[in-house]
Structure formats: structure tokens, C-alpha cells
Amino acid sequence: MNRFDGRKTDELRPVKIIKDFTRYAEGSVLIEWGNTKVLCNASVEESVPPFKKGSGEGWVTAEYSMLPRATATRNKRDINKLKLNQRSTEIQRLIGRALRAAVDFTELGERSITVDCDVLQADGGTRTASITGGFVALAMACRKLVAEGLIEKMPLHRYISAVSVGVVDGVAMADLCYEEDSAAEVDMNIIMTDEGNFVEVQGTGEHGTFTQEQLLELLALGRKAAGELKQLQQAALDGLELS
Amino acid sequence: MNRFDGRKTDELRPVKIIKDFTRYAEGSVLIEWGNTKVLCNASVEESVPPFKKGSGEGWVTAEYSMLPRATATRNKRDINKLKLNQRSTEIQRLIGRALRAAVDFTELGERSITVDCDVLQADGGTRTASITGGFVALAMACRKLVAEGLIEKMPLHRYISAVSVGVVDGVAMADLCYEEDSAAEVDMNIIMTDEGNFVEVQGTGEHGTFTQEQLLELLALGRKAAGELKQLQQAALDGLELS
Amino acid sequence: MNRFDGRKTDELRPVKIIKDFTRYAEGSVLIEWGNTKVLCNASVEESVPPFKKGSGEGWVTAEYSMLPRATATRNKRDINKLKLNQRSTEIQRLIGRALRAAVDFTELGERSITVDCDVLQADGGTRTASITGGFVALAMACRKLVAEGLIEKMPLHRYISAVSVGVVDGVAMADLCYEEDSAAEVDMNIIMTDEGNFVEVQGTGEHGTFTQEQLLELLALGRKAAGELKQLQQAALDGLELS
Amino acid sequence: MNRFDGRKTDELRPVKIIKDFTRYAEGSVLIEWGNTKVLCNASVEESVPPFKKGSGEGWVTAEYSMLPRATATRNKRDINKLKLNQRSTEIQRLIGRALRAAVDFTELGERSITVDCDVLQADGGTRTASITGGFVALAMACRKLVAEGLIEKMPLHRYISAVSVGVVDGVAMADLCYEEDSAAEVDMNIIMTDEGNFVEVQGTGEHGTFTQEQLLELLALGRKAAGELKQLQQAALDGLELS
Amino acid sequence: MNRFDGRKTDELRPVKIIKDFTRYAEGSVLIEWGNTKVLCNASVEESVPPFKKGSGEGWVTAEYSMLPRATATRNKRDINKLKLNQRSTEIQRLIGRALRAAVDFTELGERSITVDCDVLQADGGTRTASITGGFVALAMACRKLVAEGLIEKMPLHRYISAVSVGVVDGVAMADLCYEEDSAAEVDMNIIMTDEGNFVEVQGTGEHGTFTQEQLLELLALGRKAAGELKQLQQAALDGLELS
Amino acid sequence: MNRFDGRKTDELRPVKIIKDFTRYAEGSVLIEWGNTKVLCNASVEESVPPFKKGSGEGWVTAEYSMLPRATATRNKRDINKLKLNQRSTEIQRLIGRALRAAVDFTELGERSITVDCDVLQADGGTRTASITGGFVALAMACRKLVAEGLIEKMPLHRYISAVSVGVVDGVAMADLCYEEDSAAEVDMNIIMTDEGNFVEVQGTGEHGTFTQEQLLELLALGRKAAGELKQLQQAALDGLELS
């Protein structure tokens, strides 16, 4: 099997996690995953949404957006259409749920962390890159809160990463680039913990349906990738241990 | 194990598919699923979105909305906030993808079918009720196109239904009502064909994560429900066979 | 004179007031008036708009909307155009004024009741059906407040109902259906009390103008209808007396 | 009976119709009615809305807006709230219906006239001033179309004017100023032709209801005012005869 | 050199400052500058924006808008496009900055003054007319605050006026009317104090660029005009001295 | 005089123009100017705005936006407020005017180039960085059009760059960083050509006013910077000559 770019079916594209690409955010990561580039900035705010007021608990949320020319042709900005892009809406809700699965809100205390994922360049897998890079930005922001004495210990209990997997021409493969994604019969996003558990699984038969056997094959690819991604995240975080 | 309302873990709530609750739509279904009530109207329009213009192919899309008092407390209308509810956005994209998995767009011809799913009353499972009922409305609209000679044969090749499953207090169960959904550790929506294949699987660890064993247990519950729902849909459609 | 559907000029279409079609609202009515179906839900909220804060008085307001396929052809949702439909705006202001004419705000106390009128199916007279059905939903909500001991006595002092009347082909008639409404020379909505007084009269010469004689003839039709509608409302409310 | 400002019950405030207050509109009138000042500009456009395309017929529509400080306290602009004011919506629909009652759309030909009514200062009766002044602006624009040879004869067949009437402290009176309007038990807007027919009647029992006797008394006041207003309009239009 | 309308290169069009054209605003001016007419209303509110809360200081802001038929062809209202016109945005920010340069916010105290500049008719120079007229409205509002004893002394320390200048057919000239503005190679707005200092200078090479020599020539024209405008403002303000 | 960061009064911060930071845009530049980072992407589209249709001429426009965490504290996205930021509006209009001053629209032909300036990190001078970097992106896109044979020769006739200058503590200085900008008495943006002419000059007395002497001093600083910036732009463009 020759993949579009010569990779093996279970092989990820090169992933680079560049910390502090920008300077103001409490946690800032530029994640380059193949040709996909996402700037993930985690911002701490000393307030919480209404449904958490007075609870003593914090909150983590995410926003996702693509720059107009992150793609092969230019897209209009949301503000010029006065509508939040529906695909962005769906993705940012996924990122938020994924990151919250790592957080102990009581330990975070009554404050919010917003993880902005702005896609500078898109070549498939922007949502999984956002989760994987966004987790590192989130961890950086939490570590800063600990360093400043605002909280006692890391409010994160596990690593979270994500990868897209899919079936292309009948072959299950990991980390689809744009061309593979466009041609995939099944497209699945797997969000996992470093313990090998699932946080969210979203599989869609783009041009058809898929069987339980295919599902299991894809999950196996996801599990392998999760292990590798955790290593990269941990290296970026100077070996940070969570438990 | 005693469920909230006395059901067995694999038991669905009563599902009623009432056709022609309203009179204008080409396909109209009121689906009552336990206390959840969704009005599903399929509207045919002799035009397609720009990306299908001139392709000879049709398109199917869905819109989802809740009436302000479909829930225990009143929610403001989207138009008064000038924002499409983010949860609604995510759900209507899911319904659209699910229904499109049943359609042969070439046979549909260059026309659109919009399936409006308006929730009159919500008690858990509104998105899966929308898919299950929306499929019947879609089939009614297609059958009308055939009856009127606008297309030669049914452009649907399979039944599609959906059910929510989840893990509550460590127990996997099918068709969560609102109280179970609120308490679930894992919440999963399974969209299946009548051949037992998956169209989409969306599982989320609401308050944690889930294992592959749990995933498989939930999929089995989904498969069983899909069989029952297909029977109900087919009965509502007067035994309509698709292949 | 043969009317479109065989009715006499002063004859109303069959009107059914179905209580508790949905379960969460403090007052819920599905009113079926000929082929027009409107779901009227009255929601109590323990707060008032800014201009009533601290006054000790309550407020009643209404919202009106049509489902996309309530009509022969599908209409886009307001949220997709980001604009509240101008016709809906005009109608919901009318419903609000009409219902408020029945209410003693001091007795209601500093709380709000919102009456949502969602048209499931439209065949003429949706605004008058909304007022007539909305009044019953409002009365149910008020009765619930009394039953729960939140207020001492019914804050409603009279029945309010509404009917459309008009001149079609030179003939004055009551309760126009869609076809009659489309062909009417004069179209008038009459909102009345059970004492035979007017709350609001809105008459428009759609394709011309009208004389005082026509006006008086139409008002007489309205008065007759108001008596019948009050009987239906009172029966639905188990004979409730207001004074 | 002493009215707030010494007028008799059937006496109008001074009405001044100033033509060509601005120079670009095809018809431009500043109407000063007591302290109410409305700038009415009629703009001709050589296009029609979609529902009139290809019909050979024209269209007339109106827009109504108040400047932020037309009133005793400043109101935010609609654009800053991103919502068309609901009261403005209701009023501009009324103005449009009223003016269209005067127009023969076939004679107008396939073109539109928009009458913008911008309230510079409000002291009661802004909607009726808009209709009365807007009619003159509309007639000026039509006369210009005739003068330029674009149409053969005036597409207006009758004068239209409007006045507010009401019951204050139990007394029926014409042309309510702001203080009277605020205190009125019944508030009615009467739009009439110069033949003494009604175009629209909108009566509301603001703080109660009204009887048929009151209605008739108010209509008589409206008829008297319509005669006077027609004289003022005709004088402003240099004695223009319509038939 | 013959200018379009016979004026000398440094000659302003006739400027009329009409006070109290409307009656509610704390300061109200209709400025007629050639054929440009702008209604400038200054409204005092006893509150400040969040960034001034608790500072003891006030704030001055401006809003600018054109009526739909202020121009040769009709423009849609912002609210119908749901977007604040970008040109209006730029202009109202300029007016706000200009007026604030005259104000001592400590002396104003913790209150806001909003200066609404609504263009009734546009013939070039609407932004400079808005600043020049808006300053007078602002001064009237401040004088009223002093008269009412709300503040001790005038919180304005200098006169501010503005004029447009430009290069047309190679000739520098003051106060461009619409035709000159459309044809200008360089277009500059100069906001000055009565001491001959600059508040803001905005010069644009519309169809090219401009040299420092041209810039200096334009500034000289601006300085001359500022002197004349200050006389007109001061006369309108009954000789008010500021220092 | 010691500047905040040790620079001389006429000394620019280090400016880096990184080409092809992203890969899809016809011209792509990341400009790093001190700590300010702006991604400038020029996108060619084979269509023009309505006012250029059929003219044979092209158009150039710009959009400007800041990422939420480009600044010390997080700003909400425009789409979440449904309003284009007023400051962004003003800036993108400035960028558009500045870039258009370089373009021969007839040579460009009937196509559009949109220059997106997205601020990744802000430390003063984002609008001048956008113009300076945006010009290089625009030139890259034009060069590509020439290389592909779509146009015959470069439609750019001059270099355009921009710099902010200002008076801080009474001292005129070039290229203000955020701290200097916040403290400046006068703040001026100067857009110049490589011939030493002005395209636009925008000076504001932030906390007061400024004299003609100050203005001239600031213009001299601007002229010096323009020469240096042109060298950097030309080097980035491989020595490209324009005339």
C-alpha cells in the first residue's frame, strides 16, 4: 500500500510542538502537524460562566477558527457573514469536551481557561491538532498557576491527545492528510487518554457506512497514535508527569 | 438493576410514529419517543445548493430546533439572541450526515430535501428521535416524488435509525431518558443501518473516559435497538422495502 | 352565498382546545381551528422586565413564530436570516397587548408570564387562534399560581378572544380561512372581552378601502363569534368564572 | 373640558407641510405637527421586489425610524442592538399598507417607491404624521415621474391621511399629544381616504377596553380630521386633484 | 481659477448654525454648511462606560449616521444590512476623538455626553460639519450642566472646529463640495483648536500621493478656515469664552 | 534621551519579513516588527466588486483582525459580539487605501486581491506593520500573476510603507512600541512612497493637540523610516524594481 505521501498506514506525519510562539497567553503552542499549523493559546481569566458562579469550581472552554487563507481558496470571515461557521461550532464544542476530560475543576478553583485554536494553515486533522496542541497550552497555563501559587497542584490528571483515522480505498490508516480525508470512506476522530481510554470517538461513514470490524481496526490505529502523541506532548512539557 | 422508570437495560421507551400530523410537508411525522416529541417535516425544493448546481445530483439537509418551552425551564429563542444555538448546530449537522447516508443523490436528481426537526417536548434522545423520525419523513417525501413521476425509483437504499446509549452508575443501558442522560458517565449516540452497519458513532465520556470493553457493550445495545426501530419505521411506511 | 368550504357567513370553523399537549409549561394548549394549529405555552418566570422592577407588579408578554413548514411552501427560519420576521413582530405585539387587557398586574405580583404561540400549521387566522388559545394557556398558568399559593386569587378579570372577519366578494363573513383571507377586500381582526367590549380592532382594506357600514357589519360578526369562543374557552377551563 | 394644551376635543394641533426640506429625494416633505417633526422622503427606484418581477406592476413601501434624541431621553440606535425596533417594525408596516391603498400599481409601472419617515422630534402621533406627510412626498414623486414622461398619468387615485384619536379621562378627543397619549384609556389610529372611507383602523384599549359607542364617537372625530388634513395636503400639492 | 461654484480657493461655503432645531437634547444644533445639513444633538447621561466607572471622570463620544436619502441615490439603512457602515464607523471615531480634545473629563464629572450627528443632506464635508456643529451642541450641553449647578465651571478649554481641504486639478482649496471632493487628488480633513494647533490631520492621496509642499499649503488653508469657524461657533454660543 | 528599550529617537525596532510562512496564499508574509507579528496573506480572486464590474479594472482591499490573545489580555472574537470591531474597521480601511495607492487597476485587469492582515501578537504599530508587510504580500501575488502570464507586467508602480511616529514626553520619536504609544501626546501614522511622497498622514493629539513644528519634525522621522523600510521590502522581494 502506497499512501499519498509515502507513509505507512499507521504512520503519523511529523508533529512539532513549538512553545511560546506568542508571548502573552498563559500557555501558547504552535503545533505543526504535517502542513497543518494551529496556534493554540490558553488564556486564564479570574471569572467563571454563570452556571459555575459560587461553585468553587473552574471551567475550561475552547474556540476554534480558521484564518481566511488557511485553505487552498479564501473563505470569508465569520464576522462578514454574521454567523459562526457551523463546522467551527461543531469542532470547538468537541475540543472543549476533550480538554475538560483532563481537568479537575475543584483543583482549578473558580477561574476559567479559554483555549483559542486558530488554524493558520489547514491540511487535514485541524481538530485533532487543536486538541493535541491545545492540551499542551492548557498544561502550560495550569503550570503557571501553580508556579504563581494561585493553585496548589496541577488540576490535570491525564494527558489527552487526538488523531484522525479513516478508511481510504478500503484500507484503514492513521492521520489523514487533506487528500486522504477527501477520499475517505470512513472518517473517525479519536480522542484518547494516556491510559488508553477513550474520551470521545466520532466516526462517520462519509460516503457510506462502516462495520464493527473496521471500527475496531480504526480504534487500534488510534490507540497506537495516542501513545506517540503523548510522548511528544510530554517532551514539550519537559517530562511533566500527571496522575 | 432498577432503571429510573423500571425498564430493562436494553429496553426502549415506547416509540410512536404518527404520520401526517401536519398537512403541507411532502413528508410529515410526529415521533413520540417516551416523553420526547419531535415534529419532522421533509420539504422538497426544486433547487440545490451552489456546490451541487449542474451536477445532476440532489442534496439532503436537516435543521433542528427546540421550541422555547420544550424543556423544564423556558429557553430564549435563537432569533432573540441572534445566534444559532451551538448545540442545535452540532445536532443538525449530525442529522444531516445521518440521513444523507441513506440517499442516492443521482437518483434523487437535482433537487433538495430539507428535514426540519422541531422538538415540541424534550426528555432525552431528541437527536436520535429526530434521525429516526426524520428518516420516515424523508422516505415519505421520496415516495411522493416517485408517485408523482418526478423520479423513477426510491432514491433511498437503506433504513437509518439512531438511539442513544450510555453507562449510568457503571451499567450500560439503551435509550437514556433525561434523568439518566444527566447522570451518565458515558453518553453515546449510535446511528445504524438496517444491515447492522454504523453510519456514525459519537461517544463522549461526560464525567470521565471509557474503555474499549464499554464501547463494545454499548455498540451491542445500539445494534439491538436499531433492529427494533427499523421495524417501527417500516411499519409506519406500510412495509416499504429498500435495497 | 356559498363559502369556500360551505360555511354560513357567520359560522366559525371547528375549534378544538387541547390542554396539556406538552407537559412542562405552566399552561399549555394546542388550539386547532379548522386546519390552523397553534401550540400556546404559558411560562411563568419569577422576574420582570426592567421597567417593572420594584413596582410590585407583574408583566405578560407573547412571542409568535411559525415553523418552517407550517405553510404550503417552506419558509426559512428567522435565525438563518438573522432577522425577526416583520409580520411575526407585528403579530406578537398584538397578542401581547390583547392578553394584557385581561390581567391585573398587581394581583399577579412581580413575576412574568410569557405566552409562546408557535404555529404548527397555518390556514388563516393564526393570530386570532393564538390570542384565543393563548388566553386559555395564560389562565391555566394563573390557576397554577393560585393552586400553589403563590398568589391569592386569579389575576384575570375577563375572558379575551379574537376572530378574523372580512369582506370577500362584497360579503361580510367571519373566520376567514387562507383562501378567503387571500381574496378579501377587507380584513379585520377583532379582539373582544366576554362583556362584548373591544380590546383591539385592526381593519385593513387590503385591496381598497371600507365604509363605516361595512365596519359595523364586521363588528357584529365579531361580537357573535366572541360569545361562542368564550364558551369554548370556559369549557376548556372547566367552567372557570372570571369577574 | 380643558385639554392639556387648551385645544377643543376635535381640534388638531397646527400642521405644517414643508416641501423640499431636503433636495435629493424625488419627493421630500418635513411635516411639523405640533411638536412632532417627521422628515418624509420618497425615493423612486427602477426595480421591484422579487414577488413583483415581471408583473408590469410597481410597489410602494415605507421605512420608519426615530433619531436617538427625538424623544425626551436618548434611545440607542437599532444598529447598536442589531435589532429593528419592534415598535418601528409595526409602524412601518402600517405606513406601507396605508400608502399602498392610494396607488394603482399598474399605472406606476414596474418601479418601486420607498417612503422613508425619519422622526426628528416626537410628541405623539408620529405614525399618523408619517402617513399624512408621506402621502404628500409620495404624490410629489409620482408627479415627477409624470413630468419626466416616465408614466402617463398620476398612479394615485385618492388622498390618504391619518390621525390619532383617543379617550382621555372618559372624553373622546382628536390628535393626542404625548401627555394625552400616555394617559389615554383608548388609543386609536384612523387612516382614511378623502372620500370618507377607512383604510385602516387600529384601536387599542391601553388600560382597558372600549365600547362600540366609543368606537363610533372616535371614528367621527377621525372623519372630521381627515377632511381638514386633506385640505392641507392638497394645498401643499398646489391643489392637485386625484380621482 | 474658477471653482465649481465660483468660490475663491480659500473661501468657505455659507455656514449656518441653527440652535434648538429640536427641543429635547441638552444641546441641539442644525448646521447647514452649503448644501450639507447635519443635525447634532448632545445628550447627557448620568453614567459612564465601564472603563471610566469609579474614576470621577466623564466621557464624550459621538455617533454618525446618514439618513437613507441624504444622498443623490438612496442607501439602505444599516439595520437592514445588520452592519454598521464602515465609513460611518471611521467617521464617528474621528468625531469622538476631535470633541474629546476639548474636554476636561475631571471637571465634567462622572457622566457621559453623546453627540449624535445625523446627516439630513450630504454635499461634501459631512464629517467636518459634524465636528464643527457637534462642538456647539456639546458646549450647549455643558453650559446647561453649569446652569443647573451640576458642575461648577465649563469643562471645555478650547474651541474645536474642522474643515476639509484638498487639491483639485493641482490647486489647493478649502471646503470641498461633493463634486470637488470626487475629483480631488488629495483630500484632507483638518481638525484644529482656536489656538491654531492641530487635533487631528487626515490626509489621503485619493488618486495618488502628495508632497510635503502640498501638505503645508493645505494646512495653511485649514488654519485660515479654523479662525473663521471659531467666530461662527462663538457667535452661536453668544460669545462664550473658553480658556 | 533614553527610550523605553534603549533605542535612539529615529531608530526602528528590528523588522523581519518572512515570506511563505503559509503556503496557499498567492502572496504570504509574516512580518515581525519588534514584538509585533502580523500574518499578511494576499489572495487573488477572478472577480471584482459590483462597482468595478465590466470596467476592465481590478480592485485591492484589505481586512485586519487581531487574534483573541494577540494582546496582554484576551479580547472576545468579533463574531461572538456580532460586530466588526470599530478599531479594526478604521484600520482595514486605512490599509486598503494605502495599498491601492500603489496599484494600476487597469494593468491588474478585472480581478481582486484581498490582503488579510491577521495580528498574531501586538506590541504597537500593528497597522503600519500590516501596510508594510501587506505591500510585500501584494507584490508577491502580482509577481505570480505575471509569472503565470495572466497579466503582462507588474501592476505596481511604487513601494508603499508605513511607520508610526509620535511625541512622548515632549520628544518626537519613530516606531512607538506599546508602552510609548500609550504614553504619547501625539500619535501619527505616516504612509509614504519610496519617492518620499505621502499617501496618508493621520496624526492625533491623544492627550492634547500638536503644533505645526511638531508635525514637521514627525514627518521627517517618517521620511527617514520610509527609506529604511523600502530597503527591507525590496530585499524581501529579491531586489524587485518598480517604476
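Letters are used for the chains, namely A, B, C, D, E and F, taken in the order the chains are written, and counting of residues starts over at 1 for each.
By our rule, a contact is a pair of C-beta atoms (placed from the backbone, for glycine too) under 8 Å apart; a residue touches a chain by one contact, two chains touch by 3 or more.
Because the structure is a prediction, the values reported are computed rather than measured.
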Co-neighbours of subunit F and subunit B - touch as defined: A
Chain located farthest away, centre of subunit B as origin (C-alpha): E
Intercentroid distance (Cα basis), subunit C paired with subunit B, Å: 33
Distance between the centres, which are taken as Cα means, of subunit C and subunit A, whole angstrom: 51
Computed distance of Cα centres, subunit D from subunit C, in Å: 28
Separation of mean Cα positions, subunit E and subunit B [Å, integer]: 59
Of all residues in subunit E, the ones touching two or more other chains: 82-84
Successive chains along the ring, subunit C then subunit D then the rest: C, D, E, F, A, B
Subunit A partner contacts - residues on subunit F that touch it in the complex: 21-25, 28, 35, 37, 39, 41, 43, 45, 63, 65, 67-74, 77-80, 82-84, 114, 116, 118, 120-121
Subunit F residues touching subunit E - in the complex, by the definition given at the top: 82-84, 86-87, 89-90, 93, 97, 101, 158, 193, 195, 197-205, 208-212, 215, 219
